[in-house]
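The following pair of complexes shares a single chain, chain A, combined with chain B in the former and chain C in the latter.
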Partner chain A sequence: MVRAEPPVTSRPTARQLRLVRRGGQGPGRLVMRYLVVAYVGVLVLVPVLLVGWHTFEHGLSPVWHALTDPDVEHAFEITGIASAISVVLNLVFGVGVSLLLVRSRFFGRRLLSLLIDLPLSVSPVVAGLALILVYGSNGWFGTTLEGWGFQVIYALPGIVLATMFVSLPLVVREVVPVLEEVGIEQEQAATTLGATGRQTFLRITLPSIKWAVAYGVVLALARALGEFGAVKVVTAGGVAGSTQTVTSLVEQRYGNFDQLTAYAASFVLAAIAVLCLVVITIIRPKERR
Partner chain B sequence: MVVVTPTAPAVGSRRRHDRESGGLRRGSAVGLGLSLIWLSLIVLIPLAAVAVKSSDNGWSGFWTTLSSPEVAAALRLTIGEALVVTVVNVVMGTLIAWVLVRDDFPGKTIFELVIDVPFALPTIVAGLVLLSMYGPQSPVGLHLANTRVGIFVALLFVTVPFVVRSVEPVLIELDRDAEEAAASLGAGRLTVFRRIVLPNLLPAIAAGAALSFARAVSEYGSLVLLSGNLPFKTQVASVKILSLIESDNPGGAAAVATVLLVVAIVTLIAIDLLQRWAARRA
Partner chain C sequence: MGISVRNINRNFGDFAALTNVSLDIQSGNLTALLGPSGGGKSTLLRIIAGLDHPDSGVVEIDGRDVTWLRPQQRNIGFVFQHYAAFKHLNVYRNVAFGLEIRKRPKAEIKARVHELLELVHLEQFADRLPSQLSGGQRQRMALARALAVEPKVLLLDEPFGALDTKVRRELREWLRRLHDEVHVTTVFVTHDQEEALEVSDEIVVVNEGRVEQVGTPDQLYDQPVNEFVMGFLGPVTTLGGSLIRPHDIDVHDAPVDGAVEARITKLLRVGFEVRVDAEVGAESVAVQLTRGQADGLGIVDGKTIWLRPSAGASSGGPGLTTASKATPNDDL
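Now for the complex of A and B:
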């Protein structure tokens, strides 16, 4: 690594400033760059590309054939519906709670913020177990709900609950910092000019957070589509063609030696995930503004 | 950044002058009530049920489950692997963040995207990805299925972004004046890093490490295919919980789950404290 030679001067030479500004030059910098690129490349990129290769190993038509299997199509349907519902609900909750956390003062605000973050560190299997214990047939609410004819576990509502659980914090975490940055001056100005609360919210607050909301929604969507552990517990792997999500399908098909379908479905999920990432990358500078 | 560092920054620690509105208006009170009900129904009550269920057989039942050889082995393996992975992530994550912020090269945007892939990828797909690379049909002859090394690599895969995304924003905001001053006084680059840059990065590194640890401990989907679920050898806690559920032992599952839950809560509190520490230094 290049060491800045220590001539003891009081002013940095142009060379020394360049060194510090660009984090150094020469072999040290290149070594770090190559090391880092190699690490991420080998650890992440190569295996992901390998899956793409495996998927299309035997051409396009077997993949298409696998993806148009009715069970597979139904799995995508279920996953899509459940994710859409959970994202919309989390969006409403997320924006509402963000406004509360930032614009109001109340006892336990910090605790609430912490509790909202819980799903981020909880294992998905634990989340699934938690939901079963409450909404399952012998669960705290489950017995009552089943009395009303409403089945949650081993059904779509359970899948929605599971995906909502894991993606709950995502919108909040993106919107809160932006709300804090934006401040309340514009809202106050609107109020002094006679705007009602609703008008202020719709025409001042919402537009100021729209990119953060979009960012959070895309994150929540990616998370909901890809959720596996919690959904598996809540649906016990799911019944093919009925309550099986795409992620459960991938595991089941792989276990049944139907590798092609497993890879095909995985490829679609991966492509969607990458797409979400691309969208986020585009949104990011707008969010930072 | 894609990875969500919880409470970035901690609520209430930044920009006090602009916020406010003091007290809870009636509308906000209703909103708060509704939010609390929602949060409770989805998250809090279910998690409480786990803790309650684990006490189904009383304290002794709880400890019996946890100290049973298989469970104890699974917990030891899970926490041990998570710690090692976190250490590696601290080093590599900081390095990656450094290169991302202070270096520039063609393809850097794609590189940034690749780093975020493990976070956005469904865990079962990650499992398949790892299996195709390190499983029986491995093109590089690395057969890590059913081994602890396989678990290590899998956890490394899914936790790549956490330290990087935690450190990156801090590194971007860092004022270079102190570094330049040190260089002008003759400090070598390593010294500048060690004594000027690193202390400022420590809270962010620690927060990223905590996130990485929490994720590694709770990981399931990417391990379910690769680890092989061999008791005492490659069975991690999350897999053990599932097998306890499937063998109709919800009390036992809840006991192990409570341990993981405690780890999750402690991690969150640690991150919150770290972010307050960081905010105070800023």
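Now for the complex of A and C:
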């Protein structure tokens, strides 16, 4: 009779398991991990938390009082309007340019791609200065516009332009890679099934890029809300209650020893930005397969 | 009627994808465009579909000049190699897409989609997303989607190219049966001669931007007009300077009339078949036998045998000798 052999087993030790599952564990890796956490903590987490702490140091009511100051309310209004306009325009323009960059081949395509990226590398202060040269009272185009009674620099249109400039690449840079990955075959299939260009865009293209668009919009919004340099130049620092944005207000109040208002406004800005990112992080992974 | 292509030229830069191609495809037929990669067959199909346009020439579908019509105006169905499934829509909505575009009543769409899903055996998957289907299922969905709009012609670009061998084989049999039920004029592109021979009513051999030969599978296999067609449709070897198929050679273990003496240099058993390489003087001949034949002859490496073309062997015609070889053939 053949006796059944006992099954051959080999149980890994706890240490072996740890090594395999975590993919190498030496002390170097541990040090690396804590270094990264510390780096991000010192650079990002601690400063943001401190803003929150300083804001609510003396409770809620002084914060409320500071935020309901007419000049502060007006600054939020200006920032809100400028951000909304620039985000909407950049959304439409960004999707259009992305389609152009990915779906068509034309002379100067790479140059266009390069120009779209320019706002990421050029200092916002330089951008603001450039806008003054074009649209300012003695500017290349501004003289004509002022002749028609339309003031750009030192007014809301200038703020919108500056905000648009800095947030220009964000939608495009999110959408282009997704468009490239999705490819053209689904659109061609829709065409062979009788869909017009508009139907194909609305029913096929847009649904496949919607999360990239949403992410680009959130990034653009966060960038627009926080814009400081270019806006400061085109508004000459801003006039309280008129052309002052929230970031300019924070800088001015902090310089004038009204630190509570500066902290409170900063906190609101940071909270909105964090909220945007949290929302997008929650809804996005579902789409990622 | 059917599809008519007249004097089509298409260049991509310096590369001539199609040179003066003319072709008539019978209405109701299942036609294969067969040829090597880069030979222009996909370009021809895309021009028929309107996804590409010729530099010159005319495309007619059912007698109507469609050369400069957009794809959506041609009343065609197109199936892509990589399915082109609408990833964000479930199977039902994918199939319903063309009907929704045409604003058909909801009840009609529902009835038609269910009928088609039944036809492609996907009824129980109507609510799934394409990502939850296998490759073969996705391709069947793509076929149902293309058929939903009742196209005049159905065009398939390497429809089974991305699938594994077993699924390919099932799907190609299934396509044949489907075509027998639906009877829509169908053109499919393939580089697999077995697929073309097995499925189609008619084969168009396309190579280097030209049509080499058009005919039924039997015509092409038995009477190829040139060496390329002969070589592309099946294995070829040379015996006495003429091209011949390896399975069309009779093997004898003793001298017979008209046979040449040869020495076996290599033996390879692949499943049911035995591949023999033999030397006739300086000429190397490939012979294909069944296992039974090989065992009966007692074939072993180094043995001397006698070879003769079998009666009724398909040949490339009088012109097809090694001397006329235009391109080297490495199919065997």
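In the analysis below, the second predicted complex is superposed on the first by the 258 of 289 C-alpha atoms of A that agree within 3 Å, B and C clash if a C-alpha of one lies under 4 Å from a C-alpha of the other, contacts with A are read in each partner's own complex, and residues count from 1 in each chain.
FYI, a contact is a pair of C-beta atoms (placed from the backbone, for glycine too) under 8 Å apart; a residue touches a chain by one contact, two chains touch by 3 or more.
All figures in this text were calculated on a predicted structure; none of them were measured in a lab.
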item	value
Three-chain arrangement built on chain A, chain B and chain C clash or fit	fit
Partner chain(s) touched by A:33 [first = chain B, second = chain C, both, neither]	first
First, second, both or neither for A:191, with chain B first and chain C second	second
First, second, both or neither for A:199, with chain B first and chain C second	second
Per-residue touch tally on chain A - higher for chain B or for chain C	B
Which of chain B and chain C A:69 touches, first, second, both or neither	neither
Which superposed partner A:208 touches (first chain B, second chain C, both, neither)	second
CA minimum distance (chain B, chain C), superposed complexes, angstrom	9
Intersection of the chain A residues that touch chain B with those that touch chain C	185
Parts of chain A lying in touch with chain C, wherever the complex brings them together	185-186, 188-196, 199, 203-204, 207-208, 289
Complex contact set, residues of chain C against chain A	49-51, 70-72, 76-78, 80, 82, 84-88, 97-98, 101-102, 131, 142, 145-146, 148-149
Chain B partner contacts - residues on chain A that touch it in the complex	1-4, 6-12, 16-17, 19-24, 28-29, 32-33, 35-37, 39-41, 43-48, 50-51, 54, 93, 96-97, 99-106, 109-110, 112-127, 129-135, 139-140, 161, 164-165, 168-170, 173-174, 176-177, 180-181, 183-185, 197, 219, 222, 225-229, 232-233, 236, 247, 250-251, 254, 262-263, 266, 269-270, 273-274, 276-278, 280-281, 284
Touch list for chain B against partner chain A, complex	1-2, 4-12, 14-15, 18-25, 27-28, 31-32, 34-36, 38-39, 42-47, 49-50, 53, 92, 95-96, 98-99, 102-103, 105, 109, 111-118, 120-125, 128-130, 132-134, 139, 153, 156-157, 160, 176, 179-180, 183-190, 192, 211, 214-215, 217-221, 224-225, 237-238, 241-242, 245-246, 250, 253-254, 257, 260-261, 263-265, 267-269, 272
